[in-house]
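Same chain, two partners: subunit A is paired with subunit B first, then with subunit C.
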Partner chain A sequence: MKELRQAVEAQWPNLEVMIGWGWGFDLLHGRPLFVRKIEEVAGLVWNPFCVQNLTGYLAKIPAVQAEDKAKKIGVCVRGCDSRSLVALIQEKLVSREQLMVFGLPCQGTVDWRRLAAHSPLVGVKSARIEGERLLVEDSRTIREFTLDQVLARRCLRCTHPNPVVYDVLIGEQVAPRATSLDRYRDVERVEALDVGGRLAFWREALDRCIRCYACRNACPLCICQDRCIAETRDPKWLSQYMGLPEKFLFHFIHALHLAGRCTECGECERVCPMEIPVTLMKEKLGRIVGDLMGYEAGLDPEATPPLLTFNPAETGV
Partner chain B sequence: MSKMIFIGSDQLTAALDHLSERVELWVPAGASGGPGVIRFQRYRPGVEVVLDRLTNLSPKEAVQPQVETLLRFRTVKSADDPAAEQLLLDDGIEARRVLVFGARPCDARAFLLSDEVFLKGPYEDVYYRARRESTLLAALVCREGDDACFCSAVGGGPADTAGSDLRIVPVEGGVVVEALGEEAESLLEGLGEVVSDAGREEALRVVDEISALCMGEIDTSASVQAFKSRFEDRDYWREVAERCLSCGVCTFVCPTCYCFTITDEKRGLEGERLRSWDSCMFYQYTLEASGHNPRPTKLERYRNRVGHKFSYFPEKYDGRFSCTGCGRCVRFCPVSIDIRRAVSGLKENICECP
Partner chain C sequence: MAVENAVAESGPTIRIVGFLCNWCSYGGADTAGVCRFKQPTDLRIIRIPCTGRMDPLFAAKALINGADGVLVSGCHPRDCHYAVGNFYARRRLEVLKHFLPFMGIDERRFHYTWVSASEGQRWQEVVTRFSEEIHSLGPNPGVDSHGLKA
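Up next, the complex of A and B:
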């Protein structure tokens, strides 16, 4: 945390605004923090509760801008976020030259809902990871959790904890929690069900959807934003009914628009107030893209994502 | 003395089975598949009630469903006169007798606030009235408040009975249910067992203990005026809401947000007019037909949320806030926007000069 603040302070003359994390309403919640004055750098934090992918703020309207073009926009990225950033750079939605990227190797982030499901925590005084355990002290007692119990699903299947693009690296590189062999085990679990079982799984999951569109709005690559097919009136694709067809259509289009682009950062699932495993759909697509096209999204800023190419000579399409 | 009964933990299922034969019963229960999601749903034998966790969604759905049909329409053409069309409308209102069992005091209080808007004029909402008048609320004295809760700061409290028809008090080995009105009293007939003196005393003690809890403190004094002074202060709203994602989480989980949109969903010659939840966080909410949008960015939209709840509403309805401090918007905001902070901050460092 100290190292991050020092690094940002050292770079401050080149920066107009810095997007990082600060404390949310308690010690179990981080929040995006926009730093515009050097004295606000002290508000920056870096811990397992810094859960938001901040790269969306660079691309989605109204995107964070540097008024003075000679200066840069600073942004904190974990491994997963850095891949979103690569995808945004590939699609020319952000300009790499305008950024000062602070890379943060990440041990995984805590899903507060998994914590709360174990026991309600009131008056949290401290929360820290020691080794493979999370210690939380609240007004009543100190509780200990294994990381397997409290890390977000996306973190348990993380293959890229270290940023793939950065200008300044804060801290030591860390070992991934998953390998390319086991990162799709959740997808495999659903695939192992028969057709009826899969249908029941998605029916139950999507039935919970309240169409708040948090999944879409939190996605750094869902850049249609206010022009999304979910809400257009003319043409009108989706009715206001709350039935499964509407919910399925929205989530499926959301996923398909991300095929070959989605880096599986898991923001869509993190923000869902109804805990629908929406990233699973994108994981399945990511796997298909990998198998068919040998491509993994968000690793090489120079690469062109397979579904963004058009080759008239292509056969068999 | 009001009617009180005791329902032992092992008798709760039988009591709910019994109740569900008489009314449409809504209870907090786990959503299938989602381990942590608790929401109000129709009780059917077999549904496991969860009374020791806060719910993700409020029970406002019971009276303001996320989508409801206002009317059905059908166009009939005549073979004799092809130019003539007859439009047939059916605007019948369906409302069943509903009991929401296991709401929290913050949720019950929210119904009173929506009543102001929908029932007390100048326009009366007949759809709302039909549902509301056939709905009873049994609110649970709340011991599960967390760091996002602030009911005490906005006029409520964890044992508040405003808006409740029945009060559920958790006691050793079960719950004591107290009827707070005549209609509720009749609902308790044949349920549970007579409360022992000791049980009654324990229930009173629990209510006293919980009533004494102060859940959350925010400075709401003068928020009506302070909000107006801050209205044009873009730096303030940028600090509060720059991180907003413009999603609908806060409004959809909110027990007092009641805004809706109306759409005609037509298929062929027939269709329905629907009313469904809308969110002032959405760009489309204020988008005008001309293409102009008076609230084009998240800053104006989030400002409206604060203003509606802590300035416009109290100004119109005797100083009451359109917020019951349930904490859901704080708890579920993906970027941890805290409305308590947004309201408290209204008064800070305001330039006093004219």
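Up next, the complex of A and C:
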């Protein structure tokens, strides 16, 4: 945390604005912080409760801009965020030259819903990760949780904890929590069902959907915003009818528009108020694209996403 | 495989949506008609300017709302009227075909293929075989048993 603040202060002459995380309403919640004055750098924090993917602020309107073009926009990225950033750079939605990227190797972020499900915490005084344990000190006692108990699902299947693009790296590189083989365990669990069982699974999950579109709004790559076909009247893809077909179709729209682009950062699932495993659909698409076209999203800024290009030599596809 | 010139007319009503490229498969279907090849009557054809226009969501929406099958057909690869439209389509449709079963929709209800304007015979084969497949699967349960297609 100190190291991050020092690094930002050292770079401040080149920066107009810095996007990072600050404290939320308690120690278990971080929130996005936009630093515009050097005094505000002291408000920057970096801990396992900094859960938001900040790269969306660079591309989605009103995007953070540097008015002085000689200066840069600073942004904090974890491993997953850096892949979103690569995807945005690939599609020319942000310009790499304009950015000063502070890379933060990440041990995983805490899903506060999982944490709260284990035990009620009152008056939290401190919370930190030590090794494979999360220690939370509340008004009564110090509680210990294993990381497997409290990390977000996206972090348990994380293969890229270290940023793939950065200008300044803060802290030591960390080992990935999952391998490319076991990151699709949850997808495989659904695939183990027969086709009727899968339909029942998604019926149950998507029946909870209230079509608040939080998943779409949080997605750093869903950049159509007001022009999203889920809401336009012409073409009218979705009606106000609140049955399952509309919900299925909305999630098809969201997932298929991310096919070959989604970096599986898990923001959609994190923000879902109904706890629907929304990222699961994108994970499956990521796997399909990997199997068919040998592509993994968000690693190479020079690559073209596979569905935005073609290969005449392919025959099986 | 020898293709019978008729399809059984008994059984439940089956609705198949066909998305055909204006330049090849739509012409191929026309050729089949001009040659008076017998074709199943379950297909409702929608003409699209190119398979590159084929948004996978067209197929998804049809299947979600209870269409029994979706057939997409365009120019053979390297024969696209617009040079490359079907190359893009091929990737998108293949991804969709792998994604549908994950969401609980039988991938056999979705088929894409290539038929040129002169291949009336091939068109008859494609559409007959697909229609038989859908008949053997029966009506699409849809995602919502209480929904639009109760």
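Everything that follows uses one rule, which is that the second predicted complex is superposed on the first by the 309 of 317 C-alpha atoms of A that agree within 3 Å, B and C clash if a C-alpha of one lies under 4 Å from a C-alpha of the other, contacts with A are read in each partner's own complex, and residues count from 1 in each chain.
Please note the rule applied: contacts are C-beta pairs under 8 Å (C-beta built on N, C-alpha and C of every residue); 3 or more make two chains touch, one makes a residue touch a chain.
These numbers were taken from a predicted model, which means no experiment stands behind them.
Enquirer: Just to be sure I read the superposition right, which of the two partners does A:Val122 touch: subunit B = first, subunit C = second, or both, or neither?
Expert: Only subunit B; A:Val122 stays clear of subunit C.
Enquirer: Looking at the overlay, does A:Val86 come into contact with subunit B only (first), subunit C only (second), both, or neither?
Expert: neither
Enquirer: Go through the superposed model and pick first if A:Met281 touches only subunit B, second if only subunit C, both, or neither.
Expert: So A:Met281 only meets subunit C here.
Enquirer: After superposition on the shared chain, which partner residues are touched by A:Pro62: those of subunit B (first), subunit C (second), both, or neither?
Expert: The first partner, subunit B, only.
Enquirer: Where does A:Ser239 make contact in the superposed view: on subunit B (first), on subunit C (second), on both, or on neither?
Expert: first
Enquirer: One more residue to check, A:Ile210. First (subunit B), second (subunit C), both or neither?
Expert: first
Enquirer: With both complexes overlaid on chain A, does A:Ala259 touch subunit B (first), subunit C (second), both or neither?
Expert: Second partner only.
Enquirer: Is A:Phe201 contacted by the first partner subunit B, the second partner subunit C, both or neither?
Expert: So A:Phe201 meets both subunit B and subunit C here.
Enquirer: Contacts for A:Ala218 in the overlay, against subunit B (first) and subunit C (second): which applies, first, second, both or neither?
Expert: After superposing on A, A:Ala218 lies in contact with subunit B but is clear of subunit C.
Enquirer: On subunit A, what residues does subunit B touch that subunit C touches as well?
Expert: Shared contact residues on subunit A: 201.
Enquirer: Once bound in the complex, which stretches of subunit A touch subunit B?
Expert: 24-26, 29-34, 52, 56-57, 62, 113-114, 116-117, 120-124, 201, 204-205, 208, 210-214, 216-218, 225-226, 231, 239-242, 267, 270-271, 273-276
Enquirer: Which bits of subunit A are touching subunit C when the two form their complex?
Expert: Within the complex, subunit A contacts subunit C at residues 187, 190-191, 195-203, 237, 243-245, 248-249, 252-253, 255-256, 259-260, 281, 284-285, 288-289, 291-293, 306-307, 310-312, 314, 317.
Enquirer: Can you name the residues of subunit C that touch subunit A in the complex?
Expert: Contacts found on subunit C: 56-57, 60-61, 64-65, 77-78, 84, 87-88, 90-92, 94-96, 98-99, 101-106, 141-144, 146-148.
Enquirer: Which subunit B residues qualify as touching subunit A in the complex?
Expert: 31-37, 39, 53, 56-57, 66-67, 144-148, 242-243, 245-249, 251-253, 261, 263, 265, 274, 276, 279, 282-284, 297-298, 330, 332, 334-338, 340-341
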